[in-house]
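Here the chain labels run A, B, C and D in written order, and each chain numbers its own residues starting at 1.
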Amino acid sequence: MAAKSRKKRTTEIFALGNEAVVEGALLAGCTFYAGYPITPSTEIAEEMSARLPRLRGGVFIQMEDEIAGLGAVIGASLAGRKAMTATSGPGFSLMQEHIGYACITEVPLVLANVMRTGPSTGMPTSPAQGDVQQARWGTHGDHPIIVLSAGDVQECLHMTVTAFNFAEKYRTPVILLLDEVTAHTREKITLPDPDDTYVFSRLTPSMPPEWYLPYEDNMRGVSPMPPLGSGYRYHVTGLIHDDHGYPTSNPKEVEQLMQRLFRKIDQFFYDIQMVDEIMCEDAEICVIAYGCVARAAELAVQQARERGEKAGLLKLKTLFPFPRPAVEKMIRKCPTLIVPEMNMGQMSREIKRVNNGQSKIHTLNRVDGQIITPGQILSRILKG
Amino acid sequence: MSGKKGETRVKIFRDWCKGCGICVAFCPSQVMKLDNQGKARVVQDDECINCGFCEIHCPDFAIMVHPREELTPFEAYIEEVRPATREDLQKTRNNSTG
Amino acid sequence: MAKVTQLIHNYLRHSKRFPHVFCPGCGHGIVLGSLIRSVHSLGLAKDDVVLVAGIGCSGRIPVYVDFNSVHTTHGRALTFATGIKMANPRLTVIVIMGDGDALSIGGNHLIHAARRNIGLAALVLNNHIYGMTGGQSSCTTPLGSYSTTTPFGQLEEEFDISRVAKVCGSSFVARTTVMQARHMDKMISTAITHPGFGMVEIISPCHTQFGRKNRFKTSVDMYRWLQKKSVSLDKFQELPPEKRKDAVVTGIFEQKDCIGLEEKHARMRRELRGET
Amino acid sequence: MKKDLRLDRFEIRLSGLGGQGILTLGRIMGQALALEHGYQVAQTQSYGPEARGGASRCDLVISSQRISYPKTISLDLLVALGQEACNKYFAHLKPEGFLLVDTFHVTQTPTNIFWGLPFTQMARKVGLVQTANIVALGALTHFLPFMHASAVRKSLREILPAKIMEINQKAFNAGLNRAKKEYQDAPEKWKFF
């Protein structure tokens, strides 16, 4: 079969953003979902509940709350599964403790957060981008984290696959930020051929168990991870631990652990950084956007070009670690930057920090539960 | 589980003993006592009736009750590697000559 | 009886420093011994046992024993265990929780794990107090007793952990005390082999925090009192009503046949895939 | 099938009362256009309390190229199956856009230039009042020159359960035929030709 020039097994479907996340997850090898339903992420759970039990060993379990959901996901991931959960603002807040746990114990998992208007219960069916900084700093203590965003339905699929790959590669929780618009838009997407999809699975140890160090400080900063019950018995704890996994308060070992946690993400920064430069070659005014706003911005930039403005769009797909080099490049190139966001300036603050006063940064914020329209961005571009 | 008196010995790992006194208080034949360091010490080895209470109720796994003639692994090891005595030498000499 | 301790030593992690961190006379050590004996008596391989614990004194237990051990967040041990068991039903998952862990912050998870009837063995080590944080009252602190946050006596009624588990649908519920190690062995091994959710409440008094505040000078005093108070379920039925109030009843409160949740899932999968 | 017409952002809003099957209608149309035809389609909908009882809506943006902005900006076609929805969304219509109403529910149209058919009554005649949305779908298939009946029929079969297929096909044909009869030249009125 392999030798024959086989027809590509791609399929087109008409799917919601939430359904695309499920397609992506299954493509990436996810076989475990635990979560608690919350608008606007419920379709992910619904779709998973119908799909997973049909897979070999697939488990869908609806837990009693979001805390339990992420707890079960961590447990399943420790047991060797690729696992994910999905939630929205209020549930995301509840999950923060376990995100920290997954960071320190280096458990791979994917958490899709469909952002809705907050704070608190806010507006359950209205879009926003208010969880950006919570995704970065929601859990307590210093920790590295990977935060990705998706702006359209096809991207939901690809980013979910990527999120799983990053999680498995770097043994870290990966947060995928969607917004209500993307999650609830139905579009035509292409399901890629499973054979053509790059899927990474965690490395498992191949040395005799007595020599295995679960949190070894090696060159990659990521040690192999055995599933529970495979003969490599080790201790998993949320306490700061040494390379055997046992709790420690020795300053040297604490320092070593924390530095390694950051290093394992930092040294692969260029693997993780994903941005799209759209009409940026000769741009003089640059819009920096992410998620559904980037789609509005794309239309606005096209319309601005039609009117002779040299506008460009830098679309951020990786939000954290912050794609500083890509943003700096645009800052050097463009005297004016516009950052439209559906929050009061969570990402523009990062951009201003990088900008350091070099270019003019205009923010364009909207927090009324409505999506920023291309017209709004266009008029901001035309104002210069 | 109880057996006859005098069939068993009680071994205490003093490094692991925290001196909580459970074994002393609940031993039916007062085999142990807390010494002046606050740790349990066997005082009446012969009185042990092998009820096993101390062994399974020691929170620190510091007590072992074992058959009298049988050595603990540590003792067995020491027995094997202890320096030769004058009598040992005598014995081997006798054996080799005779 | 001989060689029990030697056996336990085989299961301990030799890289960890002993004696362990528990206070002198703390029953948690006895529970650990009992757990090891139970696992050994069932002939389970070390690799197949996962010990999941929450936060608090009880959470320190897994680090000493050479199983797969997971020390989780406060109150959430059952959620992690649920994930592990569902992901790999072949594993024997044992959850160790304290009373505050299981019933206060993790009350919701206990209720639902019992309702789900997932094949976990849950050991709730009830010491009536928050020991590790310095003796604050917990949801199981008896009415009228003192703690650092109830300096004038506890005003709230206490939780009856076994009753909670029973009404929530747990298919095996038992209570035992650290003063009855053999009974405890039996209860723990039954809970482990039980196909559904098996909960064992183990009374393991804290003399350091609870005893100090409530006129028990030493652990021995505390254990004498516990021995006096505890009665088996059969004997309890014969007690006159006025004596029943104070008694700590031990024994099996609930044991019914059931299918664990993970098995139900497996059956559903087989059915959906047409592999019957 | 004929070659697809070239479209540059054609925006449709389907609106009505919650329970009229607006979302199903949108999904069938979207799927027909996206999968059976080769268009890019972005379908969004209103969620939340307003979806039950109050005005319900479902938006479709159809284009031959990549759709950058998935929501509607100004409508080319507004389908209103309820008076309230008609009043509410009429202002979003382009000056050269068209309005299609269910004349049974919408008695006061905000303009004289509109297409109207009594979908609900027709559905009753078919035998099931709930099929009004499919009757409307049939009519829409006639009004929209870029949407072909065969494609819609296929997506109808894929989305609706087989149990209710027959009556829905009847409803679809009723809508299609009536629209053909009453508005024969309607498909030629669009400006994008």
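Here are some notes:
In the analysis below, contacts are C-beta pairs under 8 Å (C-beta built on N, C-alpha and C of every residue); 3 or more make two chains touch, one makes a residue touch a chain.
From a predicted model like this one, the values you see are computed outputs, not experimental measurements.
Comparing the centres of all chains, each the average of its CA atoms, the largest separation from chain B belongs to D. Centroids of chain A and chain C (each the mean of its C-alpha atoms) stand 38 Å apart.
Taking each chain's centre as the mean of its C-alpha atoms, chain B lies 91 Å from chain D. Centre-to-centre separation of chain A and chain D, using mean CA positions: 36 Å.
Centre-to-centre spacing of chain A and chain B amounts to 61 Å, using the average Cα coordinate of each chain.
Annotation for chain C: no residues touch 2 or more other chains.
Of all residues in chain A, none touches 2 or more other chains. Not a single residue in chain D touches at least two other chains. Taken together, the touching pairs link the chains end to end in a line with two free ends.
You'll find the chains touch as A-C, A-D, B-C. Within the complex, the chain D residues that touch chain A are 27, 30-31, 34-35, 39-48, 67-71, 73. On the chain B side of its complex with chain C, the touching residues are 1, 8, 15-22, 24-26, 50-52, 55-67, 70, 72-73.
Chain A makes touch with chain D in their complex at residues 12-14, 39-40, 124-125, 152, 180-181, 184-188, 292, 295-296, 298-299, 302, 371, 373-375. Residues 15-16, 46-48, 50, 52, 62-63, 66-73, 76, 78-88, 90-91, 108-109, 111-112, 265, 268-269, 272-273 of chain C are the ones touching chain A in the complex.
Residues 32, 34, 53-59, 61, 63-65, 67-81, 83, 97-98, 101, 227-231, 233-239, 244, 246-247 of chain A touch chain C in their complex.
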